[in-house]
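There are two complexes below, and they share chain A, which is joined by chain B in the first and by chain C in the second.
Coming up: the complex of A and B.
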C-alpha cells in the first residue's frame, strides 16, 4: 500500500509529477512526525527515570501496539495511505500517536487499557475517517477520554516518583490535591505549591537549593520571593502522567519544534495568554481568595497544559489552517481549560478543552479564511 | 423518498431503505435513550411496530369517513391513543422497564418513524405489509444496537424474567471490565455510526451480474445529497 500503487492507478499522470497540489515543502511530513516524536523522547525518558521500568513498558506497549493496529487495519481493509503519509515512511504517525498516548497514561495503568487506547485511537479516531487526512479529533485525546470515562479508577491511579523522598502520605497529583482542597472549601494563602508542602507532599533537596539561589540572586531585587515547591514542579519531581511531569524537558522539545518551524507560535501563544490571564483572574476563587489572585505558575506547571499546548494542540490535521483561526483555536482552548479544570468531573481539563476546539475547527476554518488579494470585504458582499 | 413509477404507483422499496435510523439517521433520540438495555429496546420497538400497524389498519378502515385534509390529524390521534394505551399497559405489567424508558416511551407518539408513515397524498398510501416491515426493521436495528451497547458497555444482556430465569444474562469477562463509555450516549452514536457504515458499505458494493438495484441507487442519491 505505498504511494506507487495509487500513482499507477491514476495512470495518465506523468510519472515524475507528484499528485497535486504540487507544493514545494522544505520539510516532508515524515520528517515532521519523526522530529516531533524525538522531541517527546526527553520527557518520556524522564518519566521512565522517575516512575521506573513500568513506565517504559507502558510507552513501548503503546508505540508497538499502535504500529501493529495500523498494520492490521491497512492489511485487512486494504486501506490506502494518504499521499502525504505514504511519501514519508508510513508508520511514523502511528508511532507518534502511540507515544503521545503512552505519555498521557499514569505509570501503573494496566497494559490492556494501553492497548485498548491505541486500538481506539488508530482504529476509530484515525482510520474510520480515512487516515491522516481525515482526522478531525486528535486520536490520542479521543482514546484517552474514551478510556478515562470507561475505567476512571485505573486512569487516576498515580505513582509517587522515585526522586522524591518517600513519605507514605500521598501519590495524588498536585491538581488532584488542590481539587480536594477546593471542594472542602479550604483557604489557601501564599501560593498553591506552599499548600502542597503543608499537606505533606515531600520536596527534593534540589528544590530548596534552587529556590534559595533564585530568591537570593533574582527575585530579591523585586521584593518578592519564589515559594518552595515550584522548582520540583518545573523539573518534574511530582506524581502525574508518564510524559507530562517534566515541564522543563517538554519545553526543551518544543524549542526544537519551533527551531525547525514544525509548530508555529500562534496556537501555543494564544493558548498561554488566555489560560494564564483567566487563571490569574479566576484561579484564586476556589481557595477563598478574591479575583486577580490566581496562581498562574502553579497551574501551568501541573497537569498536562504544557504538553498539550506544544504537542497536541498544534497537530496540523485537526487544528485550523490559517493564523487567525489558530489564534482563535488557542484562545478557546485556554479558556475552556480553565473552565473545565474548575467545573468538570476530573481534575484536568485540557483534554476536554482541546476536543471541543477540534470539533469547532471546521467552523473556525470557515470563518477565518484568508482574504483574497485585491478584494475588499465590502465589495464581495 | 419513494420514487414513483410511470403508472403512478409507488415502487416497493426495500424496507431497510426507509428505516429512519439507518437511512436518514432520524429517530435517534429514542434509540440513544433506551438502547443500553435490550429489554427496553424490545418493548420500545414493539410499541412502535404495533402503533404503526395499528394506525395503518385504522386509517385503512376509516378511509371512507376521513376527509383528506384531516387524515394527518386523525392519524396522530390514532397514534396517540395506541401509544398511550401501550404505555399504560407497560407501566402496569413491566414497571421496571417503564421506569427505564421514562419519557421516551410516551414520546413515541411524535416519533419521526410513525409520522413518516402517515398518508401524505392519495397515491402515497403505504400498505399494511410495508408498514409492518418498516416496524420490524426498526425493531431489528434498535435491538441490534442495544445488544451491542449493553454487551460491551456493561457486560450483560437484560431480557425478561421468565420463571426461574432472573432476566439478566451476565457475560463473564466483559462484565468485569465493561467499556462503560459504550453504554453512554457517545457510545450510542459510535455503535450506530458503525452499523450505518456497515450497511452503506454493503449497499454500495458493486454487484457483478445484475443491474444496479434500488439499494445502489439510494446510496448514490444519499451521496449526491451529501455533496
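Coming up: the complex of A and C.
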C-alpha cells in the first residue's frame, strides 16, 4: 500500500496508513528518564544545602560530563551503534546516570575523579554494550566501584554537614563509626544512633525537639521511646555522599515515581523486606547483642539503602523484567546488602549487592519467565 | 489506559472512551445512494459474482456465491442496478472484487415487520443450510462462516456455547447497545445456536462495565426460565479474546496450536448470534450491521445500523461529518483495527467500528531505544516476551521466535500500546507471523 491520501466524500483528506494498534499510552521513555531525574532533585538540592556549593559543583560536573562524554562517543563511533540508540543520544539517560554518580560522591571529591567516573560509566558500562538497551551493569554503580578501588582515600573523605553544630568532632559517616565500634568489640545497646551521640556526634535542635515531641505524644503510649539522633538521620543531618543523606526527600521523590507508575512495587518491597528482616535478625550481633535485636531503623536511615532501593535497584535497564524475577532480585539485593555491610571491606554494602544482582539478572530473566497460555508446565520446558 | 497491578495475567485497564457512544441508541443510517459490496468479507475464498453489470437486484438478493467451505454468500444490501464490478480493498493488503450497486427501485423488507418463524422442529442440518444461505459469518472480526463453525465433527459433543459480549476494545459500544436493545433476540439466537451445535450449557458473557446489559439478560433469563448463565466478565482489554474468555469462564486454557472446539467449547460474538437469529427467524441475509462511529474527530459519535457496502465517508457524513482531519481513520477497534486511506472503503460484515482519531488519542511517538522496562511482558495476556521475540525477528532468527511462542501471539496490540519507547512490537510480531506462516489467530 502506498502512503497516498485521497479525497473523501465529505471533502476531508484521509490519513496515512498504520498497522494496529492505532492508539498508544501517553508515555515515552524520555519522560520516564526525565521524571526519574527530577525525582532525585530534592535530595540532590539538600546535599548542596548541607555540603555547600562544592557539592553543587560536583553534581553539575557529573551531569554535564556525562552528556559530553556521551555526545563524543556517539559522534566518534556512530556507525557502530544501532541507529535508534545513536539517535537518542545524548539524552535524559546520560543526564540521569550523571546525577546518580554525582549523588554517590563524597562532597569533597576532586572534580577530575568525577569526570573519570562519568567516562567509565557512560563510555565503558553503557556504550561498550551498545547503549541503553544493552546495559548490563548499572553504569553509576560500576563507576563507583571503579573509583572506590582507584582512589579509595578520596572516596571516603567525608564532610560535616552545615546543619550540624560546629563542634562536631568527626566527619565520619554513621555507618563508618559503627563499623569501627564493631571492630573494637564495643557493646552498643539501646539504639545505634545513641552510640553516635556518645562518641560526640552532635545533634540539631530540631532532632531534640522532634524526638521529645514524638516520645511524649506517640511512643509513650506503646511503652517505647525513640532514642536521640534518628530524626537527624531521617532528615539528612549527617555526613555521607551528596545525595544519600536525606531519606525524607528520597522518599518524597519515590512517591512521585510510584504515582507516575515509573517504578513498581516489586523491587523496593522485596529489597526492604529482606534487608529489614535480616538486619533485625543479625544486625545486633556485631555490637554484642544477640539475635533478633538488630537496629533496622538505623540501618535504613544510614548509607545509601533508601537511595538505592528506589532509584538504582529499580533502574529498568539492568533489573529483571518479570514481576517474579524482580521480587527475587529485590530479596537478593537486600540480603547481600546486609551481608556486605557486615563482612565486606567497606562500611557500605548496597553497591556491591546491587552489582552482584545485576550480574545475576540475565540468569533471573531466564529462570523467571511469564507462564505461557496454553502450555502445560512440562510442555514449556 | 492503566497497566493492571503486576503479577496479573496481563491486559490493560482501558481509558476506553466508551462514554462517547455508550448512551447513543442505535439508529438507522439513511440508505446509501451507492453500495460497494466486496465479495471477500469473510475467512476463506472470495465469493463468486452471480450478477453482471446492468443487472437489476432486489434487496437481499444473492450477488456472490460462496466458493468452498470457509467462504460465504454475499447479498445485495440495497435494491438497484449493478453499475460496475471492480477491484477494491476491504482493508490494506486485502483486495477484493466489489459489486457496485446504485440505489434504485422498491424495498421488499424495510418497514415491513414479519412474525418470527418457528425453528424448534427443524434439524441442525436444515438450520445450518439456512445460515449458509443467509451468509452469516463471525461478525466481530473473524469472518468465519457460521455454518462452518457450527458444523461439529462427528464424534465431538459440544459442552459449552459462550456468547461473547465482553466488548473490551476501547471506543466500541455497538455490542453493548445491541445487548440493551435486543436482549430477547440475542437469547433466542443463543438458543438456536445451542440447538444447532448441541451445547449442554450456554453462557452469556458480558463485560463487567455493562451492568445494565447484565441485568437485562438476567431478568429475561429468569422470566423465561432459560437454562443459561449470565456472567459479568473482566473489563480489562483483551478480555473478549476467544482464548482468554475461555480461560476466564471455563477455567481451562486452549492448548497451544489447538482450537476451542478441542475443549468442546464454541464462542460466538453477540453480533453473530444476533445475525443467526435474524437469519433463522426471518430468513434475513446479512445486509446490515451495527457499527460504532466514534473518535474525537467525529461530530456526532453514534451507534448506527448501516447497510453493508456503505462507504465510510457516507457513514461519517451521516454522523455529522468530521470536525477536522483525523490523525487516523480506523475500521474496527483502536487496538486491532486497520487504518484506511480511502473514504470510499466500504463497511463489511466484520466492521465493528469506524473511528476518526485525533492526535491526542493516537499519541504517536518516535522510536527510541528499549529501556528494558518489561511493560510489554507484563501486559501480554498469553505470557509472551514481546521485546525478546521482536529482537529475534529483527535479527532474522524466526526459528528462535517460533520456539519462544510467536504462534501464540493474539495480536491484541497491548505490547505496542504500552511501550514507552514506541517500538512497533505488535506490528513486528504480526509481520513475523505472516512471513513465517503463523496464520491468523
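Everything that follows uses one rule, which is that the second predicted complex is superposed on the first by the 338 of 381 C-alpha atoms of A that agree within 3 Å, B and C clash if a C-alpha of one lies under 4 Å from a C-alpha of the other, contacts with A are read in each partner's own complex, and residues count from 1 in each chain.
Throughout what follows, contacts are C-beta pairs under 8 Å (C-beta built on N, C-alpha and C of every residue); 3 or more make two chains touch, one makes a residue touch a chain.
The model shown is predicted, which means the values in this text are computed figures rather than measured ones.
In the overlay built on the shared chain, the residue A:266 is in contact with chain C alone; chain B does not reach it.
Of the two partners chain B and chain C, it is C that touches the larger number of chain A residues. Shared-chain residue A:187: touches no atom of chain B or chain C.
Legend: residue contacts after superposition of the two complexes on their common chain; A:370 is shown touching chain C, with no touch to chain B. Of the two partner chains placed by the overlay, only chain B lies in contact with A:124; chain C stays clear of it.
By the touch criterion defined above, A:151 reaches chain B but does not reach chain C.
Contacts of A:33 after superposition: chain C is touched, whereas chain B is not reached.
Residue contacts after overlaying the shared chain place A:321 against chain C, while chain B stays out of touching range. In the superposed pair of complexes, A:205 makes contact with neither chain B nor chain C.
Residue ranges on chain C touching chain A, taken from their complex, read 1-3, 6-7, 10, 92-93, 170, 243-244, 247, 253-258, 311, 313-314, 316-317, 321-322, 324-330, 332, 334-344, 355, 357, 361-365, 367-374, 377-378, 380-385, 387, 405, 408, 411, 413-414, 416-418, 420-422, 424, 426-427, 430.
Note for the complex: chain A touches chain C at residues 1, 3-10, 12-33, 82, 84-85, 87-88, 93, 131-133, 135, 261, 264-266, 316-324, 369-376, 379. Chain B makes touch with chain A in their complex at residues 177-182, 184, 186, 190, 194, 197.
By the touch criterion stated above, chain A contacts chain B in their complex at residues 112, 116, 124, 128, 146-147, 149-151.
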